[in-house]
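The chains carry the letters A, B and C, assigned in the order they are written, with residues numbered from 1 in each.
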Amino acid sequence: MDKLHSLYTVLDLAGTFVFAISGATAARQRGLDLFGICTLAFTVACGGGIIRDLCIGAVPPAGLATWYYLAASIAATGLTVGLYPVVQRINHPVILFDALGLSLFAVTGAEKVLSYGHNAQVAVLLGTTSAVGGGVLRDILLNRVPVILEKEIYASAALLGALLVVLGNYLKWVSADWVSILAIATCFTVRMLALRYHWNLPGSTRNRVDPDE
Amino acid sequence: MDKLHSLYTVLDLAGTFVFAISGATAARQRGLDLFGICTLAFTVACGGGIIRDLCIGAVPPAGLATWYYLAASIAATGLTVGLYPVVQRINHPVILFDALGLSLFAVTGAEKVLSYGHNAQVAVLLGTTSAVGGGVLRDILLNRVPVILEKEIYASAALLGALLVVLGNYLKWVSADWVSILAIATCFTVRMLALRYHWNLPGSTRNRVDPDE
Amino acid sequence: MDKLHSLYTVLDLAGTFVFAISGATAARQRGLDLFGICTLAFTVACGGGIIRDLCIGAVPPAGLATWYYLAASIAATGLTVGLYPVVQRINHPVILFDALGLSLFAVTGAEKVLSYGHNAQVAVLLGTTSAVGGGVLRDILLNRVPVILEKEIYASAALLGALLVVLGNYLKWVSADWVSILAIATCFTVRMLALRYHWNLPGSTRNRVDPDE
């Protein structure tokens, strides 16, 4: 299953980079300076993972200690500032990789929590946090209500992915690798369907259209 | 003193539930979706305790690992979404249990910090944080200045409760159980008197009326 | 080099106090009450250090456990509430000591991270966070976009200071004490020149004048 883990690494890098692009774009639209843009890119790319790592006692958080989160943020900043038309044109792949990043972060996040010996509830909550925490921090820094709390099946898809990891891990119907694949595929599918058919959770009274969510 | 600890458990559950109601109500008024409402309920119920636990190295934080915070948040979400008229009608008991929750969280928070061997200052600061941190996070997520920083004797009552725990623990005039009871009673009384007579700390220039504070 | 460390202590106290003044002033201008003013003063004085300590596993964070951060916050609150004309008149020394505090916090923050055995990237990121994290938290609590993300060479100067510490530590061209002095002096000079000549990073579209930044 070495191929699987190489695939994960590629998806992880792609997801991180796309998350960083989302942060850099939002920061640029808000008129932040270079430092602000790079900070926002980095925050979205690894903010959720940092919160998860603090909560399970994995210090220093992987997001701070690993070079490629920072590299992805710097690359995203350069692209967003220097080649903004390119960033606007890749909107479609961005949505795709954002959904992939969401799925991957939720699943690998939940797996990391379980591997530290914590219980199922902690794994579900922090798996979801790994996936959506960065976006929440981005919105707090940009002084707006976090968009994932307001509308669309975004965090819920992450929650479902993390939940499947935990269930699979307890039931042991299939191998751990298959559990990961199944959870990632489910989360990704739900997210893409929600985008395609404009699914929302009940309760939301807002219908803002926000392409960089 | 087993009865005392059963009483604590009941008060803790009631306080957690009322805190969750406060988060869910604020989220509903802001038009968040189901996921957002549940997140806000959970944030108010255990956000302060999570910050405290991170600061004393108690990982994973009790709020994430214990089932009843999550259960209280889900129940509060269901009640707020499904039976909103009921939530509005129980406004009076909510204020009462909110003050009880505040007192209990401040006191048990300070006691937990002391039991981890940290000094008096840490216990007072983090005891207060246990009680009011969730409300501060709620207001940050809802994109407004935390109401406890602006007006009324709320955080100050929690501070007083935590301070009494630390003083009682050093002076050892009475047993630890009596210290707890005294601290909870004082914090609760100050808070209820402040509500009754509209006490404010000097400096505040605002007089907003905000029932779900 | 005992004299050097006495000098550091004096600068550290002065920097902490000035950071606390900045928080208290911003809180007073926003109409917060006494508790809110003191909380904001404390947040600016040690918020960055608390984030750093959580990320390197140094619990409880020094900012919570050491008396003088709290004392500086209380003193700053008293001064800002009781003698506001004095605070307005010391605007010039405040800018000077703010730049000194920034430099010192960035450098000593990076050194603390290295002393815990973490890598260069963690030291640079968390050294910068030590210096600017408190100001970011202040702006989040006051419900505005953090000013350091928008304009001026502020965080960048801190980043430069932390970077020099790490470089000096790896290259070992001069002794650790000289590395500190050099890094502090560079950060301070860059910050003062940026203020004097209104340097900004590219990308910023805002030109707000905000004296208490």
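By our rule, a contact is a pair of C-beta atoms (placed from the backbone, for glycine too) under 8 Å apart; a residue touches a chain by one contact, two chains touch by 3 or more.
This is a predicted model, so every value here is computed, not measured.
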Item checked: Type of chain B:chain C copy interface by residue overlap (half), same or different -> different
Note to self: For the two copies chain A and chain C, what rotation in degrees overlays their C-alpha atoms? Round to the nearest 5.
What the structure shows: 120
Next item on the list: Just give me the whole-number Å value for how far the CA centre of chain B lies from that of chain C.
Entry: 31
Next item on the list: Among the residues of chain B, pick out those that touch two or more other chains and give their numbers.
Entry: 54, 57, 140, 143
Next item on the list: Spell out the part of chain C that touches chain B in their complex, as residue ranges.
Entry: 27-28, 30-37, 39-40, 50, 54, 57, 59-61, 64-65, 67, 70, 81, 140-143
Checklist line | Contacting residues of chain B [partner chain C, same complex] | finding: 54-57, 118-119, 121-122, 125-126, 136, 140, 143-146, 148-152, 155-156, 159, 200-206
